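Each chain carries a letter (A, B and C) given by its place in the written order, and its residues are counted from 1.
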Amino acid sequence: MITLSSDFGTPYPAAMKGVMLQRTDARLVDVAHDFPRQDVRTAAFWLREVLPYVPPAVHLVVVDPGVGTERAALAVRAGDHALVGPDNGVLLPAARELAERDDATEIEVFEVEYADPESSTFHGRDVFAPAAAEIHEEGVENFHERDDVVATDEYEDLHFPEPELRENTAVGEILVVDDFGNAVTNLPGNLLDGRESVQVNDAQAPVARAYAEVAPGERLVTVGSHGNVELAVNRGRGDEAFGLAVGDEVRVA
Amino acid sequence: MITLSSDFGTPYPAAMKGVMLQRTDARLVDVAHDFPRQDVRTAAFWLREVLPYVPPAVHLVVVDPGVGTERAALAVRAGDHALVGPDNGVLLPAARELAERDDATEIEVFEVEYADPESSTFHGRDVFAPAAAEIHEEGVENFHERDDVVATDEYEDLHFPEPELRENTAVGEILVVDDFGNAVTNLPGNLLDGRESVQVNDAQAPVARAYAEVAPGERLVTVGSHGNVELAVNRGRGDEAFGLAVGDEVRVA
Amino acid sequence: MITLSSDFGTPYPAAMKGVMLQRTDARLVDVAHDFPRQDVRTAAFWLREVLPYVPPAVHLVVVDPGVGTERAALAVRAGDHALVGPDNGVLLPAARELAERDDATEIEVFEVEYADPESSTFHGRDVFAPAAAEIHEEGVENFHERDDVVATDEYEDLHFPEPELRENTAVGEILVVDDFGNAVTNLPGNLLDGRESVQVNDAQAPVARAYAEVAPGERLVTVGSHGNVELAVNRGRGDEAFGLAVGDEVRVA
């Protein structure tokens, strides 16, 4: 199984699929191709949330603002999984999460050195898709035996910002906003334990287990499916109701 | 085969696919993940139109404004098909249509009682996807033999509004607007038999078999692929030209 | 393998998939279903760029402003590939490219005459999808042996405009704008060989190999993955920065 993630929209992902299907009969599963353009952190967040639900697979990830520059192509082994993509940090949070869940193994990072790509603007098609297909065929355990695959300790990493948990107030930020308009913070969900309502910046809002526990159009604070505190509106957009966008500070008291 | 329908956008459907692929090797076919948010009726309409063209399958449907509340999880058997989703009516019109086409059998409705889901906001991933995968593996004929599957007569139903067919005027409403801007009514297509033009509310418009029978930008009234009267514009948007939105009354004379 | 391309959005492609899966177990690969509505030329451009990367397959293409009129249904053989769609030119550029790459064989064009479709507005479901599935099952080499498949020399063709290459200036036009906002011209990429910057209409812009060779927000001119001159902005939209849309003249000096 190979999953595909990118910020390509259409039809570029189909070229990547074609290139892979020249080399493998693997099942192909799209994660998303509408990640915000060149937004490495948002893609990294969603991959960390989604990939742990997928069976062992090779994960092709191409959010690559540095395409055509000297940035390396990486393959990261994380337990039974491998992630393939550019060296800009996008693979690391998901890789650590996958390794953690798989008997808490360590990730291993490799540079994948391929022949000259056909283009300097579409390495998804010319570098990463063939690499993902070949790693799938060679096997996640064995692919590092190739001469053009070299273990490395030097790579771009990416960590999400840690919240500041003070006695009466937790200070975090909006990590991403999902397609429903739910604003996902970096605050741990257990912050809401035993609370009936909380203060979010200047506004008071009820704590609810489900969106529909408040009236349509009303704000709520809940624990999202990722386990973090999430700012939402029943049948509406939490980001707009709370006036918050990605990167904004969130103080919960 | 398992089909997937939701209002999730991306990347949440990929988590559902991962969960299913932990349990089954079935082919997965996306119907749509961009149904209007929490719009049960529109999803129900499209599923009734599309699912009868699909071979026997399990159909996972998650348009679920009541996620996390006490609403049940349902599995509906309709001939060789099963539909899995929340108890809000979204499954019923398609289920009846599938049963009707399959030797006019009756639908059977079951409550599916699963263990506590991991989240209260993403039952697509935690409840419905595993249920759909397990029903697929157990078989549409056999899944009801499980202890946690219980036949029920108490469930939310959903019927589309019936048009009023008077002697000179048919009064209906806009059921949905498709991605082309075609406004689909609940009026039966045979209303247009033998007509060269009709009055739609205040406007006269030609009856045409094909969009291109009128000039680009011109309005027409036709029988859509669903068999209903449809208000359209050749190479344009019918909803805008006729000034009509979902739920609006349509009088055809 | 069968690929699917259309301007249908959702959920109509799922009906086409259902119809095909009634007839075949082939792998189905989406190319795009969000091609600009009824824009035959743009779809033809992308198919010519993408399909050569796909292994031998049947390619279902439904961008069909003439649906329901007398326009024929075509199947075009191009080496090991077949393309199925309406007779409006959309298949031809990709077919020629596929034939060219497959030992420079010639394309062969057939009219596919099927029974009366169920609808006059959705031949994707009623005509082209069943044709693609049956051609897949019969084989690209053999499908022409059917009585309802007839070779033809009379069909709509489509050629992209040729640029005018003068001594000091090349005059072309914008063929398409991709989802990133990159404006793709019909000018050959080798026009940029050895140049550090070029004049594009009234503006000077650097020539770069990769988007990230200029600062974020800055314009550049590059050779796109299709081999043509492309007008871009690093992490931004080239079409907006250069003020150019599809069909606009581009003078490069």
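What we mean here is this: a residue touches a chain if its C-beta (ideal position, glycine included) is under 8 Å from a C-beta of that chain, and two chains touch if they have at least 3 such contacts.
Here the structure is a predicted model, which is why all the values come from computation and not from measurement.
Of all residue numbers used at the contact between subunit A and subunit C, under half are used by both chains, marking a mostly different-residue interface.
A turn of 120° superposes the CA atoms of subunit B on those of subunit C, with the angle given to the nearest 5.
Between subunit A and subunit C the centroid-to-centroid distance comes to 31 Å (mean Cα coordinates, whole Å). Within subunit C, not a single residue touches two or more of the remaining chains. In the complex of the two chains, the subunit B residues touching subunit C come out as 1, 3, 5, 27, 29-35, 46, 49-51, 53-55, 178-180, 209-213, 222-225, 230, 234-235.
Here subunit B touches subunit A in the complex through residues 8-12, 14-15, 17-19, 21-22, 28, 37-38, 65-69, 118-122, 125-126, going by the rule given at the top.
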